[in-house]
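Paired with chain B in one complex and with chain C in the other, chain A is shared by the two complexes that follow.
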Partner chain A sequence: MPIRKKLGRIIFSLLALLWLSGCWDQKEVEEQAYVIGIGIDKAEDQENRVKITYLISNPEAGATAQGGGSGEQPREIISFVADEFISSTNLANSVIAKQITYDLLRMIAVSEEFARDEQFIRWIYDATKAMEIKRDIKFLVTKEDTATFFQTNNPILETRPHEYFEKILNTGFNNGTIPKSELNQFFRITEADADLFLGIYSSSEKERRQQSGEDPHQITAGEFQFEGETNTTQFIGSAVFKEGQMIDSLTIEETRLAILLNPTLKPGFFLGTLPDPFDETYRIVIRVENNGPLKVDMKLKSGTPNIDVIVPLTIEVLSNHSMTDYPKDAEKRNKLKKSIQESLTKKIEDLIRKTQEEYKTEPFGWSLIARKKFSTLSEWENFDWMKTYPDMNTNVSVQIKLGKFGRQSDLPRIEEIRD
Partner chain B sequence: MLNRLLRKTHRKKVKNEQSSNEKNTLKESDIDANLENTINLFKSLYSYSDNQDVILRTIHIPGINKNAAIFFINTITNPMSIEDYIVSPLLQNNDATKQVEDIITVQSMKTNTRISDIVTHINNGNTALFVDGEKHAYLIGSSNFEGRAVEKTQNENVVKGPKEAFNEKAATNISLIRKKIKSESLVVESLIISKRSRNDLYIVYEKDLVDDKLLQNVKNRVNSLDVDAVQNLSLLEQHIEERKYSIFPTVLYTERPDRAASFIEDGYIVLLMDNSPDSLVLPATFWSFFHTSEEHYLRFPYGNFTRLLRIMALFITLFTSSVYVAVVTYHSEMVPPDLLLAIAATREKVPFPAAVEVFLMEFAFELIREAGLRVPSPIGPTIGIVGALILGQAAVQANIVSPIVVIIVALGGLSSFAIGDISMNFTVRIGRLLLLFAASFMGLFGLTALFTMGIFYMVSIKSFGVPYLSPLTPFYASSGDKIFRKVLQKEILRPGYVKPKDIKKR
Partner chain C sequence: MEQSKQLIGIKEYVAIALLMIGTKLTDDTPSIIFENVKNAGWMTPIINGLIAIIPIYFLMKVVTNYKSKNLAEVTDHLFGKFFSFLILLLLLAVGLSAVIIDTAIYTDIIGTMYFSKTPTIIIYGILMFVCAYGASRGFEQIGSVAWIVFPYLQGSLLLALILTIGQGNTAFLFPLFGPGTWEVVKESSLKLSIYADFLYLFLFYPYIKNSKVFKKGTWLSFILIVINMSISMACYVFLFDYQSIMQLNYPYHEVIRTITFGFMINMEALFLPFWLIASFVRFSIYLYVIAILFGHLFKIKHFEYLIPSLATSIVFLGMIPESPTFAIFNLRENLILIVSPLFFFLPCLMWLVAKLKGEYKNANKKKVG
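Take a look at the complex of A and B:
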């Protein structure tokens, strides 16, 4: 046989192989139903089952392109009892026409009741098994059942559900009202067995009780009171997980401090309020920004373990209701600085004490630094961070650099106006 | 029966060949001193009475008192020069001491005895003068072939830089090159490369730059041709290239004399022929197809901006449609959610799978392109209307294709025009279809596999001994003119891969 003919046959058979065996995993985009969020609740009366909720995005909603577009709903929600959330796609397909896929999955929501359950960790680890689930998806805890959460949540301006969640979670993290909370972090911290994991805490129901205390930043999900024509869902504070089980929730302020004290996170800036040192009736607005990296010094080997934390901060004071002229008065500025320093240090110390006494470990990721002090893994394991942390000496010093006093630093003297 | 028929016709051919062989042996002999015999011989060679444009004029030269005959083909000669510089001086001669050479006042004249050479000269538009009693013919340059004047470039347009292009006359083309390289070391060798039509090929190079081995290689390849006729360079290209089935071109075809001249100045070899409004540059690398002359005429940042656009256009052309198909049908998790939902929304009512949809549009685009090229110019505008309106707008409105596919195919098609060279353009277009094919069967895996294979293949190709991707890989000393060019003052080396005798440009 001439070589060309032989070659032709080989090429043809290779091509035929393509025709006959190609197209593995081929899935057309329009033939799939994209799950944006999975909700997991406890199934009523059934110990080893869970209730799965799917939030499915409708691609056609809000599309202005030719060929698409219609008055269809932007989402579809389905809840049902299943064994876990991997095989549940098949069950859901008995109701939903398109093939269910997790390709666009953005978050996993868990009800607080289920998150506080000892068995919870057995189910959440299914997420590591599913091929399509990415590790950077958000992990959030809802105060009520996730089924209720998804159904009540009805954003008015962002039609597509993934857009709404992406935006609100991103702004929340930037403002420090919620932690970052990625699924990957959850698994890492749970497996390291030393720190606390902070998950996003959310609720779609307003609680009918008054805000606690004077500070509006001392609230968690469901406690923010607002009126108007808007969505009722709120993402506030964090859910604290110890060893893969939820134990408590943190307020906005605590969440912010936890982010500030965490050397692995790079926070942006937060706005907060503190009591005015010049007039007790008012509060000052401060804009807090990290000024250089956090310094965490640990002496773990000899005697009682000791942790020194230096938090360098740039503070901008953005309100001046007592109308004091501290921008021009060095003495008053010092007083202001001292007062801010004291109140921040006290807040941080309170939080650390809370973690030591109540939680017995910390959510600041300090164990990562502590690890480096040990030369072998077994030494570290013998040290047992969770056991030793509650008895450690912790010293926090906040180093403050005053920044600008708002866009315009001077205010008129109130005596002159009111004379 | 078919066989018998074939054999019959074949036998006839053989007979014809025998008669032409007789003529061939006749041509190898010398001419006779007897004018009458010579005239009769040439009359029979040229079928004098049947051939309308063959002219034979017998004259008597006074003074030296000899009979003579002038033989030429009047459609390819300049009648004025024959009249003024040959016929009248001969007729008006009264001086008995003068030789024929001295009577004729024309610039170029040779003498030759061999019939075959004389015939070649006559065929090239020269005039043969036979004088009674002399055993040689005078061959007087008087050729004047009809052709175009030097015109603007048609395909390789530039905004800044010379506008003149080669035309179908080799003499003009050589003159255009000589205008740019005024050096005695520029050599124009001529060869006859076909047996029956006797086509001339001009090999142009600079003798103190070109690598002798390369030159010998080219000459060997040209000399080994065994064909009756090679009308022009486009056909010659296919005769001399190494890989005739390859989709990559290995000989550069340019219509710009400035480009040819700058290649000669770098030690390349340029081929010219009559009837070809262009030149062939040997050897060619991938970069010579990728570059245009304008990038050196534009200032450094502007030229490189164009290069950046072109390399991006190259990849856009190759990959947009295939990546779209791969991602949409196999890897939807790679697409950002907003885009994926937008794609899914527009595809909702489209009846075809994404791959078929893209193939349809690609096919339609290639059709518009081909039709636009072949359509007679008075009905040209129709193509635009049909293409833009019916295929773009109506197909989307009828839900045959989704709008994003129109964008993708149009973007890929538009980008493909950035590759100006016609051969490389075909390479890229065919490559794009192959990649699309691979992507629709095996997704990004197939795409990557085919692209890798393509790169392997490109690295393995050689053009006249020069690796296709040099000087990028394998590395050679050169001016560094690859994807981007350097500042002119830093381009001090000639390309090392053509092995020039002098590698420094200064």
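Take a look at the complex of A and C:
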């Protein structure tokens, strides 16, 4: 008897759940227009308004289980001026037939112009108000207007936008070309008011000008020159936010170093190039991987604050255009090691100096380590990380362990071939 | 309805206690604590726990001294009719307002976080209907349901916390003492009443198998609740950092909306049903508590029949406040502050009176005789 009663209770509770899912909030998948990305731009000539762009995905497009094979487009884009992006769903619904919903929203894009605006922070906080917007969505900055960005973006193979964005942003983060950039981080860092936030930087327009400098990794969005039959959108580097306002952008290389120097991120490996110590005309390809956790040691209490950073790295050298004889010559390997160490240390020091002098604070999440040195919040707030960081002494030491030299470690001597 | 005199064992009792009090970590109790204690909020449950040992210990001494008398009957016995009536009336008022405020909060959570278009009265009505049904089935039924669902609820909480730790950052806990050691202790002790529900647990004493089970069960659930609360609050800080968490209304619900599990996004769909069931059981217990007290005060023998009408009046009272997220938050904060001294001093007073009346000696003599 008790078992039947228990069963009855469980069935009853389950039934109650069904009722709670209710008629009012009932949503038919077929009757929803799923917004995958929201774009926010400044509205022209209207100070207190914004231009909203919706990227709406068509889940039916390209599905293998499609009956009848309709030729529907994979996406729909609509841009219009509105007060904010909460009530704007209703406006958009005067054009779009299905009920617009943010349930599957995966990203918020902001044009660089708007991100650099002081007023920007007022609008982005709407995302914490809207019921359906979650905090784990991506946050990206586009070089041009987001309306142009979404319209120009036309992936050839991954035509369904939700799939495309998920893939490209993941790949970019794994390669270290873009930061992770979730909305939650943006709010957290802005509210903690100590570090810089790095957002994904992207552009759908190639810049006309020639690539600057010799290092192809010193570029940001829009500067990658390529030809062929593909999409023009590129996700490169990061947008730097200080106190909820964009102040600058970082190149691929700087983004990678920033990820590398951030103890809270667990970077995979990434590829880069450095000048060849044996022949200045060539560059060597290196595969950089963390070799153990980053050590950040801080002395904050007495005198000038001091930060010692030890970056343990495993480096694999994957190209050898100077055709140097590394396998048999330990001395040459030492020279190589030293040269890599020097150039990486210099790059890191340059970046740290840039953050100290230009940005006045850092994007590495170091304030979180500094917090451990204080026992109360008021001590920490009085210390004022943003004020003290620019004057700190920083010592970077890169510890390098040479790994493999590519799949085949030895190469023929160029002198022997060309004799 | 006298059939509910069947006694319940330790599993059911612990499950009831945990669902009744532990569920608090999923509503706005954490926000109330974080507001003053900031990132040291995870210490509050521990500090309060240490303080709460005193009243619970005294109460345990007093109540277990009498066989099969619940808290209300013991109060009658100790203080005499008139004072006991006043004390119990106060307890009833506190309990009733707690239920009204809490159900209003839970309705608000469901309304703002999940079912934004459904009218509040419908959500509230269904919530209270289910709970009233649960409560009117009797204590022993509530106990078995609590025990059946408890492992799943604890499991889902554990999963949520593990995912949170994986995606959070432990550095957010620092500076370790938040606003300062003294501040933490002071602000925590003012919010002692997060454990005040233990007072009401003593109303269930006659329903528990024996006093050993009751003692063991109370202390066991007490320890589990402290651990659960403390770890969950630390996890909230891991994910959001203290500045952000102070701005959140319902941290648990933001957590389950933020965490992802591999390719699975929108995890709240998984956690919501568990949480709903926990809420149903929680308020069933509360309704039952209120009914016991009400029945005792006004000499209504079959107090189970009161439950539906109590539930109905709760719905209408709970609907009154305007913009509930703020109004109820303030009400609740005040209630917590008011109840804290009551929770601390009432058991001490009871123990003292019992001591002065020489109740312990009598009991010992009785046993000897």
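Following the convention adopted for this analysis, the second predicted complex is superposed on the first by the 391 of 419 C-alpha atoms of A that agree within 3 Å, B and C clash if a C-alpha of one lies under 4 Å from a C-alpha of the other, contacts with A are read in each partner's own complex, and residues count from 1 in each chain.
Just so we're on the same page, a contact is a pair of C-beta atoms (placed from the backbone, for glycine too) under 8 Å apart; a residue touches a chain by one contact, two chains touch by 3 or more.
These figures come from a predicted structure and were not determined experimentally.
Participant: Regarding the shared-chain residue A:34, is it in contact with chain B (first), chain C (second), both, or neither?
Facilitator: first
Participant: Between chain B and chain C, whom does A:191 touch in the aligned arrangement: first, second, both, or neither?
Facilitator: Touch status of A:191: second partner only.
Participant: On the A-aligned overlay, A:336 touches which partner chain: chain B = first, chain C = second, or both, or neither?
Facilitator: Neither partner.
Participant: Of the partners chain B and chain C, which touch A:369 in the superposed model: first, second, both, neither?
Facilitator: A:369 sits against chain C, while chain B stays out of touch.
Participant: By the touch definition at the top of the document, which applies to A:379: first (chain B), second (chain C), both, or neither?
Facilitator: second
Participant: Based on the superposed arrangement, let me know which partner A:100 touches: chain B (first), chain C (second), both, or neither?
Facilitator: neither
Participant: Applying the document's definition of touch, where does A:57 land relative to chain B and chain C: first, second, both, or neither?
Facilitator: first
Participant: Can you list the residues of chain A that touch chain B in one structure and chain C in the other?
Facilitator: After superposing on chain A, chain A residues 19, 22, 24-25, 103-104, 134 contact both chain B and chain C.
Participant: Mind listing the chain C positions that touch chain A in their complex?
Facilitator: Interface residues on the chain C side: 38-39, 110, 112-119, 122-123, 126, 130, 133-134, 137, 141, 144-145, 148, 169, 171-172, 174-181, 239-244, 247, 254, 257-260, 265-266, 273, 276-277, 280.
Participant: Write out the stretch or stretches of chain A touching chain C in their complex.
Facilitator: My answer: residues 2, 5-6, 9-10, 12-13, 16-17, 19-22, 24-25, 103-104, 128, 131, 134-136, 184, 187-188, 191-193, 264, 365, 368-369, 371-372, 374-380.
Participant: Quick one: which bits of chain A touch chain B in the complex? Just the residue numbers, please.
Facilitator: Listed in rising order, the residues of chain A that touch chain B are 18-19, 22-30, 32, 34, 36, 57, 59-60, 63, 65-69, 101, 103-104, 106, 132, 134, 160, 162-163, 166.
Participant: What does chain B use to touch chain A in their complex?
Facilitator: 328-330, 332-333, 337-338, 340-350, 353-354, 396-397, 399, 402-404, 441-443, 446
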